[in-house]
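Naming follows writing order (A, B, C, D, E, F and G), and every chain is counted from residue 1.
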Amino acid sequence: MAKRLIPLLDRVLVEKLQPATKTLGGILLPETAVSKMSEGKVIATGPGRRNLQTGEPIPVSVTEGQTVLLPEYGGTVVKLGEKELTLYRDEELLGVIQD
Amino acid sequence: MAKRLIPLLDRVLVEKLQPATKTLGGILLPETAVSKMSEGKVIATGPGRRNLQTGEPIPVSVTEGQTVLLPEYGGTVVKLGEKELTLYRDEELLGVIQD
Amino acid sequence: MAKRLIPLLDRVLVEKLQPATKTLGGILLPETAVSKMSEGKVIATGPGRRNLQTGEPIPVSVTEGQTVLLPEYGGTVVKLGEKELTLYRDEELLGVIQD
Amino acid sequence: MAKRLIPLLDRVLVEKLQPATKTLGGILLPETAVSKMSEGKVIATGPGRRNLQTGEPIPVSVTEGQTVLLPEYGGTVVKLGEKELTLYRDEELLGVIQD
Amino acid sequence: MAKRLIPLLDRVLVEKLQPATKTLGGILLPETAVSKMSEGKVIATGPGRRNLQTGEPIPVSVTEGQTVLLPEYGGTVVKLGEKELTLYRDEELLGVIQD
Amino acid sequence: MAKRLIPLLDRVLVEKLQPATKTLGGILLPETAVSKMSEGKVIATGPGRRNLQTGEPIPVSVTEGQTVLLPEYGGTVVKLGEKELTLYRDEELLGVIQD
Amino acid sequence: MAKRLIPLLDRVLVEKLQPATKTLGGILLPETAVSKMSEGKVIATGPGRRNLQTGEPIPVSVTEGQTVLLPEYGGTVVKLGEKELTLYRDEELLGVIQD
């Protein structure tokens, strides 16, 4: 049975989307053209960090299924079975990408 | 279909405006005259950082379409399709420029 | 009589689960395949850190019996009789693993 | 048309007043006599930093037109057209000078 | 007359319990077996650190007479007459040990 | 017309009192005897720092005319006309001296 | 007329009590036996630091006349006339000693 990971506090579990290294015509893009910025899909989110006043959790700012723009550095690589996923803090994610 | 990036938390997406390197008469300005300060147009803004006391977002201090004065350093370059944009924290932006 | 350790503040007592170093067929997994990420079972939790504003304890985010994903570093090794356990801060734990 | 810069958050835009390098009799003051402390006139002020509780801005402590005592270091030089101005944080300004 | 020390703020006065260096049968335990973790008995506790909101003290999380698990480092050694005691911050104590 | 300096935020303007380097009998005190601690008279005080929670100013703890004990280091020297004064943060001042 | 020093904020003025370097019988104690911990008598206390919320002072935790256990390091030596006293922050004092 596959394992599920539920992030804690303000962590967000993301599956990195491989950046297109070939143009539609199949020509290999030069290394520099491949943006160091990578995108990822939100797999699961934590309940959020605690509000210092009320003790209530402050919800993270992304939801499952969204495509997010990832920073060049940071994140903790996590292996669930054969899958390689990455845990980010909500604070590290740069933005949500909409087509 | 073009991609849209919605910044998270207190981030602001800016398109840098190329500083005038030539005077109106077309004469090339010396390098030093070109101010290291650059200006940019606000493309999109995040909802703002969460107030840790009340949990409410604290709105960023600029709005879409405004021209802003950018700091000499900082910002994260982001490529959306062919466009090169820059993500700043609200805190980094120096001022709003009005003609 | 066996000793019991009740963690203080936001500490969590965890018993590390030995990662499977052999496939089901018994073949020794190469060192790299063994994920540096390790899992552990929550043995006991502290009452939580005090909210400096209200004085109320902020409950930790895991409960006894849960399986948690542990960070690569951190934790304080503690010997209770013959058992070797590890104390983490709630903040350090990455996520809860559900089958 | 001249450009106007409205500082953001708790920033204050200042035009530095040239310190008197000559005595009234026109004799050149020795370098050391010229106080490293410089004065400046407040051109524009930001709305202020946000109050962590209410989210309301906390007004800066100087107003347009006041003469202020500037610190020896700090400030960001900004060119508006031909004018060279300096952006300070409210926190950096030492005092208000009254004749 | 023996002197009494009442810790201030969130400090806790502890008397270290000598770890059993011999097994019940009297055989000298090898150095490594003797856990670097040591235990101690709580002699006295301070009133606690002040709550920033209300000014009220936030009680420390241990009480007189409890056996506590001490960190490997930290603590300030204090001599009261012939007795050698150690002052810890509440924050440093790892847990309470119950038989 | 003499200039007046009104300190900003929690700053305090002080005129240093020259420490007595001679005993009443006029004998020159050895360098070491002259305490590095110096005293000063409060010339003017700022309105106080803003309480980031309520936005209210937190008044400084000294008033004009008081004699204060100054720390060995710190302070910003300011020249007002021919007078050399020193700006301290309220936090830096050690105590009020009463005869 | 003797000078009086009233400490500011959360400072406490202490007169160090010379540790007994001789046993009652007058035999000189070896250097090591003389505890590096020293004791002192509280001469005067400041009003306390301001509570960030209410602006009210948070009273220091010791009172005039109490004997306190001093840390090995820290404190600012102050000379009042011929007397050598030491200023501590309330936070630095370890405990109150009662006979």
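FYI, a contact is a pair of C-beta atoms (placed from the backbone, for glycine too) under 8 Å apart; a residue touches a chain by one contact, two chains touch by 3 or more.
Not measured: the values here are computed from a predicted model.
Q: Between subunit E and subunit G, which partner chains are common?
A: Touching subunit E as well as subunit G, we find no chain at all.
Q: So, what's the distance in Å between the C-alpha centres of subunit F and subunit A?
A: About 54 Å separates the centre of subunit A from that of subunit F.
Q: Need the CA-centroid distance for the pair subunit C / subunit G, whole Å please.
A: Computed value for the inter-centroid distance: 43 Å.
Q: What are the residues of subunit E that contact at least two other chains?
A: Within subunit E, residues 52-54 contact more than one other chain.
Q: Going round the ring from subunit F toward subunit G, what is the chain order?
A: If we begin at subunit F and move next to subunit G, the sequence is F, G, E, C, A, B, D.
Q: Mind pulling up the subunit B residues that touch subunit D in the complex?
A: 35, 37, 51-54, 56, 58, 61-62, 68-69, 71-72, 90-91, 93-99
Q: Which residues of subunit A touch subunit C once you look at their complex with the stated criterion?
A: Of all residues in subunit A, those touching subunit C are 1, 3-9, 11, 13, 46-47, 50, 52-53, 55, 76, 78-79, 87.
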